[in-house]
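A short write-up of the structure that comes next.
The first chain written gets the first letter, and so on, giving A, B, C and D; residue counts start at 1 in each chain.
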Amino acid sequence: MSILNYISYFCRMKKFIAFLKDKPRLYNIVFNSDTPAGKAFDIAVMVAIVLSLLVAFVETKPEVVGRFKDVLTIMEYVLTVFFTMEYILRLYCSPKARDYAFSFFGIIDLLATLPLYLSFIPYLSSARYFFILRVFRLIRIFRVLKLFSFINEGHLLMQSIRLSLRKILVYFLFVLILVTILGTLMFMVEGGQPGTQFTDIGTSIYWAIVTLTTVGYGDITPVTIVGRFLSGIVMILGYTIIAVPTGIVSATMIDETKRKGKNGRCPRCNEKTDLKANYCKHCGERL
Amino acid sequence: MSILNYISYFCRMKKFIAFLKDKPRLYNIVFNSDTPAGKAFDIAVMVAIVLSLLVAFVETKPEVVGRFKDVLTIMEYVLTVFFTMEYILRLYCSPKARDYAFSFFGIIDLLATLPLYLSFIPYLSSARYFFILRVFRLIRIFRVLKLFSFINEGHLLMQSIRLSLRKILVYFLFVLILVTILGTLMFMVEGGQPGTQFTDIGTSIYWAIVTLTTVGYGDITPVTIVGRFLSGIVMILGYTIIAVPTGIVSATMIDETKRKGKNGRCPRCNEKTDLKANYCKHCGERL
Amino acid sequence: MSILNYISYFCRMKKFIAFLKDKPRLYNIVFNSDTPAGKAFDIAVMVAIVLSLLVAFVETKPEVVGRFKDVLTIMEYVLTVFFTMEYILRLYCSPKARDYAFSFFGIIDLLATLPLYLSFIPYLSSARYFFILRVFRLIRIFRVLKLFSFINEGHLLMQSIRLSLRKILVYFLFVLILVTILGTLMFMVEGGQPGTQFTDIGTSIYWAIVTLTTVGYGDITPVTIVGRFLSGIVMILGYTIIAVPTGIVSATMIDETKRKGKNGRCPRCNEKTDLKANYCKHCGERL
Amino acid sequence: MSILNYISYFCRMKKFIAFLKDKPRLYNIVFNSDTPAGKAFDIAVMVAIVLSLLVAFVETKPEVVGRFKDVLTIMEYVLTVFFTMEYILRLYCSPKARDYAFSFFGIIDLLATLPLYLSFIPYLSSARYFFILRVFRLIRIFRVLKLFSFINEGHLLMQSIRLSLRKILVYFLFVLILVTILGTLMFMVEGGQPGTQFTDIGTSIYWAIVTLTTVGYGDITPVTIVGRFLSGIVMILGYTIIAVPTGIVSATMIDETKRKGKNGRCPRCNEKTDLKANYCKHCGERL
């Protein structure tokens, strides 16, 4: 190796160090995706997440683990190193490292890198703490939530859900109260029958949920005529009242679209738009 | 005990009696929730209701009753005393006690406190009237309906349901008529087959309800080709016509929102609002 | 019996004949329901229809027929006489008897009265024609459709369905084409497996309908990983695309409501309404 | 045969050749349906498609193939000749034959005619390539997609789906992420139980899809109380959040209808319409 090689290597190292020292630029690459480098980083993280999901899925299948043990072990090491570096990088380049560390995704990121390190501690790898290790392993799957933050359109859905959340929660509670009543009525009707599947109130309410939401497993079904009549009522009720929350949410969405339109602001980026524009001039959203 | 103690005790008693004599204030605490005391009372009632629900659920599980008999008995006594006092308090502080006593919740409140008292009557605790006692016990669960009256947002849902009720009822009837026809057709097709599950018209209509509402228990399924073809039609029909009531309710909701907006009134509290306000100045509802 | 009795009887007969001769008034009673007599007639017909439905339901249960044979026979005779008289009355008082006789309900009314008369013909009551007689018996159930014409609100639903019919039909066809494709794909995936339930294309398409419409009987379920993956896609597809027809129908309904509003006409009776009216002055519909 | 016959035959041949040479007219008949000849051609193709679907369905039922082998073979020959001629005709009269040949329907048309020709090649008809031949046979079923292009109303549905596609895709992904989380949670709860049906994460996610989308096969059901509680939450969640995409799509549709209305253009043919017109003067669409 000539001296030139050393110089070139030194220059590259210097550049890399300079790159690492430019925290704002690094922050932009790691947390945003509007630069080519930022996009590449995002895609690398997405691929790593999907791979780690696959590993987590496969690890719960004993017959697959037996055959591909080596591949899975190597992938686990590689992915853990990758996510550890990602976590350190995010901590390092955040202007407020603490905010990231205690944010929802910061905690998920940390917890998801731990299982491999924990398995090195001899005390924990004993059978006694096996369950805790497994839970930690499965926490990795929650990383799937990060995928959603990569989709632009996701913001609209999230905003819609946030707007409708109170209405949905109230409807959720309404359904809970309804199934309690319906389950109790059904327990009164079918509970005393010989060989009934409605053994207690809890099971009856579970049946009412399965039926009202039109899931219909069929693991618990009525056998008496009155029971079948009542469950018919429950089914048509569930099939009909679904129109109410849908109508409420529709009205909210339309109202929101209109208010946004009146203010002359884009529904996506909330920037002022020209009155006659067909597309937002800030984000390209169709108006 | 010194004389001071007696005096302090006497003062507190006096205060308590004065408190009980101030009916309008008591009424405000018991029936409304806009004061801290009223909120505390509401929360106490909600906790008691949830506890009594849990007791009622658990009491139908013989294996749990066997193990926790004492705890359940004590909870039943405590809760019965609590609800009895609540009932007397409500009766006492209502300006129109009769209206409360004969209101829906008044009757539920009374019926729900009875089972323990009825079990003291030797004549009723015999096996003969066991069923009646059980029904009374289960009536306690209807107290869950009171939970709904504690949620502010619930009014909007209830109002929406009231607005759409006629439309929903008509759709309910429409579905009933449809399943009668479809069940009869299916009975014509599959009824005569050997080993059929469509033994009579009633069962066929039950099947049509299960299928049209997309519940799909799978306890009764067609076996002939014509039967499967017909049930395929029923399924797609059920999956498609659900759009109609949803559309009707959506149109009603949007229309209602607009009418309210035009009148310059808040959709929640129906008070006059400023034209440019973003929130109702009376109840804080987003406009 | 005195002469007075005869006279009174004769007068009543005369009145009754005069009543029968006043065809327009009779027509109003039989076909409309805006007079007290017309309402009473409607309710009598509704009760008779519900009774005849119950008889038709029960007749398919052999164990019930055995026990209540006499009651059922009497009810069948009484109801047949009632419906025969109703049919003759409708034919008699219609200005255009032919239009009624060949209308949908005219044919249903005729067919529904026939089974008892047909059973008197010795040739037909043989076992050979038993199936035809049974089908005729079941046609009586189609009389349930008449119930719908008695509900005022039903017109709105019917109008909504008529307005959305083309859209619903297109969606129906869209779903049919989709399930053909999805069923074929599933047959490619699961068809060759040993012990598969996807024995042929028809069964696979039936499975695709059951799954896409979220009915989910569970009589045919995938077992391979690829099959489960594909059926997961089908389920989420079915769960998601339901939003499209619902959105289309909602838009139609709202558009329709608005157009009606603009024209200053009531959406129900289509009469001109005052601009500031809250209720239609012609039919009382809320505007 | 006299000379006149020859002349008449010659004239008809000449006419037919002239007809074939008139490419624009032929194109109009084959690709459009606004002339009587074009409509007849469309209907012939539709009948042929439905027949070929029936043949493809029946061919997968061994017991039917055994009985009607000759009929099926003849139909396959006739249909293959018909579709081959249709394909050549389309290629021939298209101004841009290449565009058609590489369009989606062009490829389907070609692939769907191949299976019979491929079966003539001795090398391919061996058992080894049997699977490939079967797949080619089943590709014919994709011709069902062409049926959709024959319906005028289909354009509106397709346009609606295209407008909502991004929203639906985002919701699709949202549901995918949700079921991954819910399936993992359920695996944590029920996974370790003896005799559990939740054997691995993949199966648990499959269960979560089946439950959240309210399909509910019932092939995998929870047995523990915590599992039933969690699945109850999943069901009500699935039953409730369906309101969100429906609301979003409704708002989009209504917004679209309004924008079209404002521009004074027909929502179907996008041509300018008169302001007070009730029907589009270009395509008859109700405005």
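Definition applied: a contact is a pair of C-beta atoms (placed from the backbone, for glycine too) under 8 Å apart; a residue touches a chain by one contact, two chains touch by 3 or more.
All values reported here derive from a predicted model rather than from experimental measurement.
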Per Cα centroids, the chain farthest from chain B: D
Which listed pair, A-C, B-D or A-B, duplicates the contacts of B-C in over half of its pairs: A-B
Gap in Å, rounded to a whole number, between the CA centres of chain C and chain A: 45
Centroid distance [mean C-alpha coordinates] between chain D and chain A, Å: 32
Touching two or more other chains - residue numbers and ranges from chain D: 171, 202, 205, 214-218, 238, 242, 246, 248, 250, 254
Overall pattern in which the protein chains touch one another (line/ring/star/complete/other): complete
In the complex with chain D, residue positions of chain B that touch it: 214-218, 246, 250
Contacting residues of chain C [partner chain B, same complex]: 53, 56-57, 60-61, 131, 135, 138, 141-142, 144-145, 147-148, 151, 153-154, 156-157, 160-161, 164, 168, 171-172, 175-176, 179, 202-203, 205-206, 209-210, 212-219, 238, 242, 245-246, 248-250, 252-254, 256-257
Chain D partner contacts - residues on chain C that touch it in the complex: 166-167, 169-171, 173-174, 177, 180-181, 184, 187-188, 191-192, 199-202, 205, 211, 214-218, 221, 225, 228, 232, 235-244, 246-248, 250-251, 254-255
